[in-house]
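Note that chain A is present in both complexes that follow, paired respectively with chain B and with chain C.
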Partner chain A sequence: MAVVYVNDKPVDIGNDKLNLIQAAERAGVFVPYYCWHPGLSVVASCRMCLVEAGERKPDGTISMQPRVVPGCQTPARDGTVIRTQSERSIHAEHQTLESLLLNHPLDCPVCDKAGECHLQDYSYRFGRATSRMIDDKNQPPNKPHIGEHITLFADRCIMCSRCVRFTREVSGTAELHVINRGHHSEIDIFPGRPVNNKLAGNVVDLCPVGALCSKDFLYKQRVWFLKSEKSVCPDCSTGCSIFVDHNKDIVFRLRPRENPQAQGYFMCDEGRFDYHYINARERIKVPLHKGTATAWEKVIPSLRRELAESAQKDGGRLGAVLSPFLTCEEAYLLAKFVKGLSKEARLFLGWVPVRGADDTYPKDRKGRPIQPVKFTIHAEKCPNRRGVEEILKHFQGEVVYFDRALEAAEAGDLQALYVTGGYPPRLGEWLPAPVVQKVSKAPLLVVQDLFSSEATKAATYVLPSSSFAEKDGCFVNQANLAQAIHWAVRPEHHSRSDGQVFLDLLERRGLLHAEKLRQELSGEVPYFAKLGEGDLGELGVRLG
Partner chain B sequence: MAEFEPVLLRRVGKVDSAALSTYRADGGYRALTKALNEMSPAQVVELVKDSGLRGRGGAGFPCGVKWTFLPKDHPGPIYLCVNADESEPCTFNNRILMEDDPHQVLEGILLACYATRASTAYLYLRYEYGRAYRVLQSAIDELYAANLLGKNILGKDFHLDVYLHRGAAAYICGEETGLIESLEGKRGWPRIKPPFPAVEGAFRKPTVVNNIETLACVTHIIDRGSAWFKSIGVPPDPKNPRDAGSYGPKLYCISGHVNKPCCVELPLGVTVRELVEKYGGGVWKGRKAKGCIPGGISMGIMTESEFDTPLDFNGPGRVGCLGLGTAAVTIFDDQTSIVDVLYNICRFFAHESCGQCTPCREGTGWMFKIMERFRRGQGRIEDLQILEEVGKSIGIMPGTTICGLADGAGWPVKNAVAKFRLELEEFIKKGVQSESALPLAMAN
Partner chain C sequence: MPMKDEDVRWVKAPRMGLVEKLYIPAIMQGFQTTLKHMFSPNVTQQYPEEKPKLPANYRGVHRLNRDEEGRVKCVACYMCSTACPARCIDIVAAPSPWPDREKYPEVFVIDELRCIYCGMCEQACPCDAIELTTLFDHTGLSREEMMFDKEKLLSVFDQTVAAGTDPIRTRSGKLSIASEPIASEPIASEPKASAPKV
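On to the complex of A and B.
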């Protein structure tokens, strides 16, 4: 058991291997830092985390080191003494911040990062109020073309080298590097080798100042207007924990949320920039019955009646396709509804999109993956196959795949087919014309989807679906980690979330309450037993 | 003091001094034969430790002690990096050793590798030293031909390869971990310590980094014994328990405003005045000296009144300088403006700071900009305080940077502000441009 004294307050850090920044954090003392990042190697070059350190001997005497030390590089041991409020530490903080601001343009009013900029925050908390430099600032040229999604405002850079280390250590692609020397140092790329790797967007999050900006988000919204909702990226079965940053029901960006159980600190660009469909105009907004917009109040009873009639005739000829984009709660409700109409009704797992092979990082110079793997983009481009599969297993003992649904429909074995979609348009038309021909052989075709397609044209009922940012629930990733998603934006005025539609079909009253549903689910399906608490926390719960 | 008989420079200037035959005829490789035949590696280390040889590269760390930091019973390989990246302004002692007596250095390298059980030595040579490169390479070729390098040297179980590596001319690559990074093909950014190079250095293996002159001294210590070495120089100050003494001969480079710039070998502990008057031929044009830089510009500035300070490892520290450094004394006469001196110093460090640590990267740039402004006649009195504050607070000694470059950048500024404050204030008050023309090469 190691005890560390932070500003004379003893803190027990157990047997954890911590640096002084982390040890101080345990004591509730914040030590500012720029270059240090828990997911990257330590360089101790920004010198922002300088503190006074020393050792408390067993006899109670304290011997302090004669110089300030970088907290990120110094390990905390039993008896380590940290002083962040001493004259020397404060002077070092002042000095580093003054140095960083010497050549910083202070263009906060037009800077995208303003509001979440560490240079701003620390200057306010730890810095001097005025600059003593009257000489001209260095003005390195901006580099708007360093990446497809990334732009570099070189004058704002504080040379923490996080981005350089990220491309070397995590993506392994090593596009970014430092050119020139001394106060003329700049971040740059090799000519013709832009930062276009699939993890490139992370350098924007890593950048503690407004130097690296996302072209996607640039000048779209001031960050203080944004509200963040904890969610899960639906774009592959990694299930990266994310923040959905939104304002006035518009999603402006996705950011990774640290989760050691899911993906670590980062997320891939596929997920990061694939959110525009949430606010697309082309979304289906109103339910359609035989091609005519119809009010929910009419659609729901008529749909329920038609499905029930079909089930009464022959339960085995009623089918439902459960998309892997449904949350566990939604899949559960739909399965319950369909199985409630008839025990013989058939449930299928919706189309599981797979693109290539799992993509692991870091890569070597030739693009071959190397060990140890620090980030994986899974080939399976849906968030909840595992969860839906377990629900299917529970309700009908086996998982029947989508192609069997097509076969059955083509053979005319299905009288009614309820198809849920929700696939982002990036995956292409998921029901192409030949497939639609097959499914449309079912006389009663219900399609619940985000966008119009051949399938919606052929469908008797078209119901608007909701994206991950518009619903509550949970996804189970490839490693059986159940993570909660929360609604960030409201669906369009006439739209209802998938879960709400299923609740209405089930004739249950009230609004969807994910935690209560999870309790119900955990009681009924043993695989989900651990969700009994309802609350999944920030990091999720591992199942199975 | 009786005239000192040069040891390290004995063959310099003689005919064919760089050839193996000349070196052998003068008793060359006697020390190596002795060490390989009669001594174990541990005994060599012990002997060097006993001699009190301190590193000649600038910091003056005891050489034998450095060797003992290597992990015991390491399966290898262990590397020796020879620091020949002599880029401290006005320093040229390593150059003379390498160009005129390469075998003396190479014998030291062989001995050091024998003592440390290193299997490969990398000689990191400053790029500008083209002649040294050619001379050293032909000397190495001669050694391979004579089976003094390669496998089973002198028939013993001792193998060594020496590689010459030409750096790309960066001051920072003379810092030992910067050198290692550069040698590995990376950007010359000094590493954070620990781990120290002795534990994890070049290619993540234990590594010793030694200066050329240190290794040349090793040759003579093995040859003549530690008692001989200790008979030269200054013994430790009995009042200072941390003083390891300043033993042995040292090459002093004398340059600047003297009649006869030169490199002389003298026992450690001569005074600046003696160097200037006796060996440098006095200050040029009959003028008086205003001050000097005692050991490369990173060591600070001495005034004329401090010229009686002995140049050993402790002397310069007593008058507020950083240390002995490379013992390259640069004199400036009384008509030199201290503003110009400072401007040049700041320009150098702003140009050579590697840019890794914030205080050094921005501090050196800021000081340079201030000095530039001074020369334009737009200095302010409050700038002196800024200069002093920056000079004092950047560096490894206050703990704000990774390596010692910033100490070297701050020290002369802080010295100048303290010792020449009146002149600086007068210059500011006059508000005129400096008369001397701006140097052609700007630090941009």
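On to the complex of A and C.
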């Protein structure tokens, strides 16, 4: 049991290995920092976290070190004394900030980082109001060629080297490095070797100032207009925790959210930049019955009636395909609805997209993965195969895959087929024409999807589906971690979320309430028992 | 409830004397005022034939200023739309086509019907690009017509410059504090707390 004294306040840090920044944080004292990041190595180069440190002897006397020390590099031990408010610490803070701002262009009005910039925040909290710099500022030119998705405003850089360490330690690709020395240091790439690795987008989040910016988000929106919703990236079965930043029902960017249970601190570029389809105008917006737009109030009862009639004739010839893009709650509701129509109804797991093999980072110089693995992009490009599988197992004892649904449809064994999709267009057309020919042999075909396709042309009923940013629920990733997603933007005017459609089909009253449904789910399906109260917290709950 | 009789006090008008009963002094007094106004200078403004000369700090229609090269001065920082309490300013920023600037407004629209003419936008502007002019009599036949876009706002600038009715800040020629160094502060102004010996 180690006790640390932060500004004369004792804090028990247990047996944790902490540095002075973390120890001070436990005491509720904030120590500013730029170059330190819990996911990267320590270099203590920015000098922002300089604090006075010392030791409290067993006899109660305190001996302070005769200088300020970098908090990120100094381990906290039993009896460590930290002083952040002493004259010397505050003077160090002032001096560091003044030095960092010497060459900074102070172009906050046109900088994309303004509003979430640490240099801005700390200058406001700890810095001085005016600059004493009388010489010309050293302002190296912009480097938009630095990467496909990122651009470098070299004059704003404070040389914290977070980006350099990231490409060396986490992605392992080591494209970025520091050229020149001292006052003239710059971040740069090797000629013709841009930062195009699959984790490159993270350097934008890592950059504490506005030097590295995302080309995708550049000048799209000021960050203070954005509202953030906690969610989960649906692009692979890693299930990275993310923030969905949105405004006026438009998603503007996705950012990783720290979650040691899921992915750590980062996310990959595939997930980060694959959100534009949510805002796409081409999405299906209104339900269609035999090709004509029909109001929800008419579509739902007539669909329910037709499915019930089909189930009455022969329950075994009613099928439903549960997409791995459905949340657990939605899959549960749909399974319950279909099985409620007929015990013999058949449930299938929707198409599970797989692209190549799992991609692990860091990589070595030649692009071969090396150990220990710090980040994995899974080959399975869907968020909730595990969750949907468990629901299928509960409702019919086994998981029947999509190709069996196609076989059954081709053989004419299916009178009615309810197909859910929700696949992002990046995965390509998930029901190509030959497959649609098989599926459309079912006389009653219901397709619930984001975009029009061959399948929606052949379908009797077409229902608009909702993307992950438009619905509440939970996804279970490849490691059985159930994480909650929350709606950030509203679906188009006439659109209902998938879960709401299933609730309406079940003739349950009211709006979808994910927590209530999770309580119901945990009571009914043993695999989900740990969901218990329905609250998954920010980091999720491990199932199984 | 009717009023009690004892609560009622009857007051009678004072009796008029003979001079008062003639009414001639009162009539003369009235004519005096009339005659005074007949010979005093005219204060009525013949609007709309004559336009009033408004003070330079009047808050009328916005204008978007041009820089020395005639380009829009705005850098699309969104400070005005952030400060705007009526949320009437809509900007779409884009990378600027000019080398001396990062960002410029691709679209800049002010809903002049929604605007409350408070002047917060010109206070917020870090580069004095938006200003309120003395033009007040703008009309339109539709709501769309009153959505002033970038070209329209720049034309207001040209119009006011030609008419010599620049708003007051442009006349003073001073940029806002954010964009100008504080010349008054001497370099020797060290922080009061002298550096401890380290």
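Just so we're on the same page, the second predicted complex is superposed on the first by the 544 of 544 C-alpha atoms of A that agree within 3 Å, B and C clash if a C-alpha of one lies under 4 Å from a C-alpha of the other, contacts with A are read in each partner's own complex, and residues count from 1 in each chain.
In this section, a contact is a pair of C-beta atoms (placed from the backbone, for glycine too) under 8 Å apart; a residue touches a chain by one contact, two chains touch by 3 or more.
Since this is a predicted model, take the numbers as computed values, not measurements.
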Partner chain(s) touched by A:His91 [first = chain B, second = chain C, both, neither]: both
Which superposed partner A:Ala357 touches (first chain B, second chain C, both, neither): neither
Partner chain in contact with A:Ile370 - chain B first, chain C second, else both or neither: neither
First (chain B), second (chain C), both or neither touched by A:Arg47: first
Touched partner set for A:Ala293, first chain B, second chain C, both or neither: neither
Of chain B and chain C, the chain that contacts the larger number of chain A residues: B
Contacts of A:Arg67 with chain B and chain C, given as first, second, both or neither: both
Contacts of A:Thr130 with chain B and chain C, given as first, second, both or neither: second
Touching partner for A:Asp107 - first (chain B), second (chain C), both, neither: second
Contact residues common to both interfaces of chain A (with chain B and with chain C): 67-68, 88, 91, 132, 134
Contact set on chain A toward chain B in their complex: 42-48, 50, 65, 67-70, 73, 88, 91-92, 95-96, 99-100, 102-103, 132-136, 138, 158-159, 161, 177-178, 180-185
Chain A - residues contacting chain C, complex: 66-68, 87-88, 90-91, 94, 107, 109-110, 128, 130, 132, 134, 153, 218-220, 222, 224-225
Complex contact set, residues of chain B against chain A: 170, 172, 187, 189, 192, 350-359, 361-366, 369-370, 372-373, 382, 386, 393, 396-402, 444
Residue ranges of chain C in contact with chain A within the complex: 75-79, 82, 93-95, 101-103, 126-127, 182, 185, 187, 191, 193, 195-196, 198
